[in-house]
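Some structures to go through are shown next.
Paired with subunit B in one complex and with subunit C in the other, subunit A is shared by the two complexes that follow.
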Partner chain A sequence: MKALKALPPRFHTAAAVFLLIAAAGLIGPLAAPAGPGDLLGPSFRPPGADFLLGTDHLGRSVGIQLVHGIRTSLYIGLLAGIAGTVLGVLIGTLAGYRGGLADEILMGLTNIMITVPAIIVLLLLSISLDTRSVTVMGACIGAVSWPWTARAVRSQIASLRQREHVDIARLSGSRTWRIIAVELLPYMMSYIVMAFVIQLYGAILAEAALSLLGLGPSGTASLGVMLHWAIAWESIRGGQWWVFLTPTVFITAITFSLLLVQSSLDTVFNPRLRAGKAAR
Partner chain B sequence: MTHRPGRPSRRTVLQTSAALGAAAALAACTGTGGGDARATTLYTAGLQDGAPANFNPLGWTASWPVGNYAVHLYETLFNFNLLTGESEPLLASGIAWDGDTGAVTLHEGTTWHDGKPLTSADVIATFGLADRNEGIAYGDIWSYVDAIEAPDDRTVVFTLNAERPQRLRLMDLLCFTYILPAHVWAEVPDAELTEHPNTEPVGSGPYTLDSYSHQDVTLALHPDYWGAEIHGKPVPQQVVHAIYEGNDAANLSFQNGDIDLSAYFLPRVNELWEERGLPVKTWQSDAPYHLPGSIPMLIINTTTGPLADARVRRALAHAIDYAKIAESAMAGMSDPAQASVILPEGAESVHFNAEAAAAGWSYDPDEAARILEQEVGAAKGDDGIYVLPDGTRLGPFKAATPQGWTDWNAALDIVATTATAAGIDVATEFSDFTEVNDNLGNGAFDMVLWYVSDVAPSSPWSRIRDLIDDRDVPPVGEMAFWNFGRFHHDAVPALLDEAATAADAAAATAAYTQLDDIIRAEAPAIPLMYRPLEFYQFSEKNWTGFPTKDDPYCAPMQGMTGIQILSKIKPAES
Partner chain C sequence: MTLLRHILAKLGWYAAAFAAALALNFFLPRLLPGNPVDTLIGQALRGHASSETKQRVYETYIAEFGLDQNLWTQFLTYIGKTVQGDFGTSFSRYPADVASMVADALPWTIALQLPAVLLGWLIGNLVGAVAAYRRGGFDRSVYLSSLFLTAAPYYCLAVLLLYGLAVALPLFPAGGGWSFGLKPEWTGLFAVDAVSHWFLPFLSLLLVFIGGQAIGMRSMAVYEVDADYVRFAESFGLADRKIIGYIFRNGMLPQVTGLALAIGTLVGGALLTEIVFSYPGIGTLLYEAILNKDYPVIQAVTLLVLVVVLVANFLVDVLYGLIDPRIRAAERGER
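== the complex of A and B ==
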């Protein structure tokens, strides 16, 4: 609680924005009068009384697609964020704690994964997979996003394991997993939470980028898919601003608010940035 | 995308916006040199994507203007008129039929760009190239032609195979095969015939290749064009085909008047003159704006599952909102598709039977429900999807088409939505072209939206054959090149042969209507919309006199119109 009070005001604003959007994504689809694929009206009807955010090229409601799209994007973000964070922490911890050959192998793998541009791996994965479901897409993004987390966790663990309480635990015969879970990870929690936030917004952007290229989940509304069709149907040239502006604004709002949340947490938890105290 | 904290995501956003910015910048500065050259240069776009690779008419990747049925460089013997269905003289002045032999006469004075005469020996050598390399597209000529002979240097006699006298197929060939100079192609080794880059093409057409780059292909007027008196003298001194990265940039350029004639898909094209007052026109000023030339077909796999049942397929045909597809997916650039695989306008209209088409399916979910409930005995499940008496659920069926074909994607989205609402579960799947093509050929699909035989001298015969003739079609698992849905009907082969050899148009129409009736009864493929062979919108800012429905001197196309447009347009008065 004390930590929460120490957070700067922008944290609360950003968290409120994100929670509002998330709530729209959770409640919106349930409250919407029709499905995202329903052909409700004429094509490209501007925002008005009938359609709050207008209609798209097929006459589907942009507003209804938006709330479904937010839900899809959040689902992919959460799935990929959790997968990426768990993988990163697992690999980083193992490498950092074990050291030696295990460290060499795992970090070698991590460095290779960092060097290979993840977007290319993602593109190849998306093209080669038969199914384009939302879950598969989330898993793919998670599978390529762990390396930076793993590297950071590994260096932290490598320094933590030198501490005396870890030595004592080891001397008293504790098992490796217990030492990691009880003696090491609690010190890492703040970092893991921040890493998760980064993974979350990274994954939401990755989904948007892939879908924009036309490799998005098929048969589902997502923010990136909305943007893809907005561009494919040339709504920018045609002046149908509501079609491309809506997903753009919401992708920006989600990722920017998450970025603010992360950086606010950083100012509290990162000793080098901690406000009002001498660094180091 | 990398996930380095803070940085990469922003980079992605920047890249995306940079790409859009670059496209806009490209659009702003492409093309149009200023001053005098602009007034005598015709700028076109939309028939060449990506950097020009080669100008080889024998290969499969020739750059504009080779391919696209355009005759700037190479000419064909005849020109197929999309409006009338006639084969008009081009290099040839006519064809005289005597039973199974057709004698083609060449115009007097035909010459190549290098000044050598173009004779009947060149025609024979061109068709003879197919014997030297089996990768050449017209290699199947010997399956319906027995001999090609030249009694003199102006006459070529084609003798048809008496067992399969396919006049229609021969006319396809005479309209769509570029005649090549024997003295040039004799020196190309057999194996290289289809690979030869041919970057200095010697043809017989009114233009020569001036230069090419990743940005454009430039043609210069050939001053000694042999046909100037017979066909007219082309007006533009240069024809430039500008190359764009995508539709957005190209359409923006066209809108700015930098492009005179564009074949890009331009949704809501009518807004350009109705709302913005631009000097832009299409074939006709009201919907559907373009002349239809092909029918994208929803091809259904008739071999397995519930879709093997003709009644289920017919119910599906009643569950598709054709008007919505025309209005939204085609952005109003198509009339709602009728229950016929014959085009109701242009060359095929003589064979179109409006009464029979009206008796076929139409969007009617109640009728779909009636067929499924009363004829098939299916019952609606809790999720709103029908279940057959044997417990099989209707779907989910995958409806596939290549990613990026925007109007096709949108049409399938509408099929999926309206069919699912009517109780047949259809989900779209947009993937890579090659993947869709392979699955289609091997029969590994539920339904695919695909192109089937455009309008041509042999259509609608060729289209109906490609849809439902199962002679020489391998079983599922092997690559088929037509009848992808493996539809079989005992009466089809005889009716097709009857139509091919019919004595007059009325007899052919009678056979076509019977074939169309079979399709209407069994729904192996469902026409979803009409599409022009080429989109055709022009700007009158720099040139006027393009053909329109009010001045229909030729079809609204850059290809298949000989040099009629090039010789009739005039610089706009400034």
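== the complex of A and C ==
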């Protein structure tokens, strides 16, 4: 709790912004009078009394698409973020704790996956899937985003396992998984939380990038899909600002608030940054 | 000698990564059920031909694209052709040669990305070092604006710049590589026109890259600022510019690695930026290929990006071994 109070004010602002957007994605679709794909009015109607955020090139309501889009983007982000974090922690722990050949093989794989750009692998995966449900997309993104977490977790575990309390546990006959769960992971919780925030951030960006390329989830709105159509129908050059600005502003707000949350957590949990601050 | 061993060890890793990339590039799209030729014929004939003609065209295409052979034979053929620089024939712009389509688009992308990366790296690191040294309000504002620039995806900043500076305030042309009515040629008129189209996408990449580098440099330099040599230099009144120069040089090493790690994200993000501006580079080529399900073009572009990223990473690794003796010592196990 003391740590929470030590967080800078920008943490609270950023967390509030993110939670507000998430709430809109959670409640909005339930409250909306129509579906995101329904043609409700003339095309490119500016924001007004009928349509709070106007309509797009087909006459669909931008506001209704927005709340559904937030929901889709966050769902994919959460799924991929959890998958990526769990995989990364698992692989990193295994490599760091076991050492030896397992370490060599797992870290070799990790290094290769870090070098090969994830967006390209995702792109190749996506064009090979004809219909992409939101769950499949989330799983794909999670499956390629773990290496960063794995590498960092591995180096931490490798140094943690040299500690005396770990030796004592090992000598007293604890099983490997018990040692990892009781003696190692609790020391890494703050790090795992931060890794999850970064994974969530990366996954939301990856979904938006794929959707922008036209490889988004089929049959549903997402922030990236909205931007894809906005660009494909030339709404930027046509000056229909409500169509392209809505997804742009919300993608930016989500990613910026997540990064701010992560960086303020870092100033609290990272002892080097904390010491630097106190010294001044 | 040790440097050579460092390079060889790295080379082994990159060869493995390249093999993985090549296999991914070939096999992933082929998991696809259905047959790209169906799409192609659907587009080309638009249902006007008789079924007999269709059958003949179908068989010609299947043979031409080598789809009648088994997957392994296709893979070997693919590798052989790729080594020769033959990327096949485009589906959507049949019978255009994919290699020449990529070659046409590549100079535009290089002209956009290379100056943005180099200039962005330099400016970003300087700004970061100055911010860490000056501290206070300047530091905070640099940090927050850099964080904003990196947090917002590349294409979001591009959308805002395009709308703000080309549509709402028409200072620059709204996308494309050159004006309607001109042809790419080596004349002064065309050069001026091309630069005016180039500037906005360049600016948007530059800003994002400055942001990312400034954050990295600042977090490095924060530790340097408290180092004894900085205190010592301050104590006898060395000029700020000199001190920042020292901080810059010490914080630079990790930033070289940062550059290597950023290349993948950077290239990917820059390709998306091209789409927003309909800039005639690799990104727009890829975008159109995806919309048209033009697999040969998609695969040529993904392979190109993979190779460029791997080569760039490798070069940075070698460079790193050259400029930091500690790396070579670590390879020898001396630490």
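Keep this in mind: the second predicted complex is superposed on the first by the 273 of 280 C-alpha atoms of A that agree within 3 Å, B and C clash if a C-alpha of one lies under 4 Å from a C-alpha of the other, contacts with A are read in each partner's own complex, and residues count from 1 in each chain.
The rule is simple: a residue touches a chain if its C-beta (ideal position, glycine included) is under 8 Å from a C-beta of that chain, and two chains touch if they have at least 3 such contacts.
None of these values were measured; they are calculated from a predicted model.
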item	value
Contacts of A:Trp241 with subunit B and subunit C, given as first, second, both or neither	second
Partner chain(s) touched by A:Gly84 [first = subunit B, second = subunit C, both, neither]	first
Partner chain(s) touched by A:Leu123 [first = subunit B, second = subunit C, both, neither]	second
Contacts of A:Ser43 with subunit B and subunit C, given as first, second, both or neither	first
Partner chain(s) touched by A:Gly108 [first = subunit B, second = subunit C, both, neither]	second
Subunit A positions touched by subunit B in one structure and by subunit C in the second	114, 117-119, 127, 201, 205, 209, 212, 214-215, 231, 236-237, 255, 259
Residues of subunit A defined as touching subunit B within the complex	37-39, 42-44, 57-59, 84, 114, 117-119, 122, 127, 132, 145, 147-149, 195, 198-199, 201-202, 205-206, 209, 212, 214-215, 218-219, 229, 231-234, 236-238, 255, 259, 262
Subunit C residues touching subunit A - in the complex, by the definition given at the top	13-14, 16-17, 20-21, 24-25, 28-34, 135, 144, 147-148, 150-153, 155-156, 159-160, 162-163, 167-168, 174-175, 219, 222-223, 226, 261, 264-265, 267-269, 272, 275-276, 286-287, 290-291, 293, 295, 298, 302, 305-306, 309-310, 313
Touching residues on subunit A, where the partner in the complex is subunit C	10, 108, 111-112, 114-121, 123-125, 127-130, 201, 205, 208-209, 212-215, 227, 231, 236-237, 239, 241, 244-245, 248, 251-252, 255-256, 258-260, 263, 272-273, 276, 279-280
Subunit A-facing residues of subunit B, complex	1-6, 8-9, 12-13, 16, 20, 247-248, 251-252, 255, 266-268, 271, 321, 324, 327-329, 331, 403-404, 406, 409-410, 413-414, 416-418, 427-432
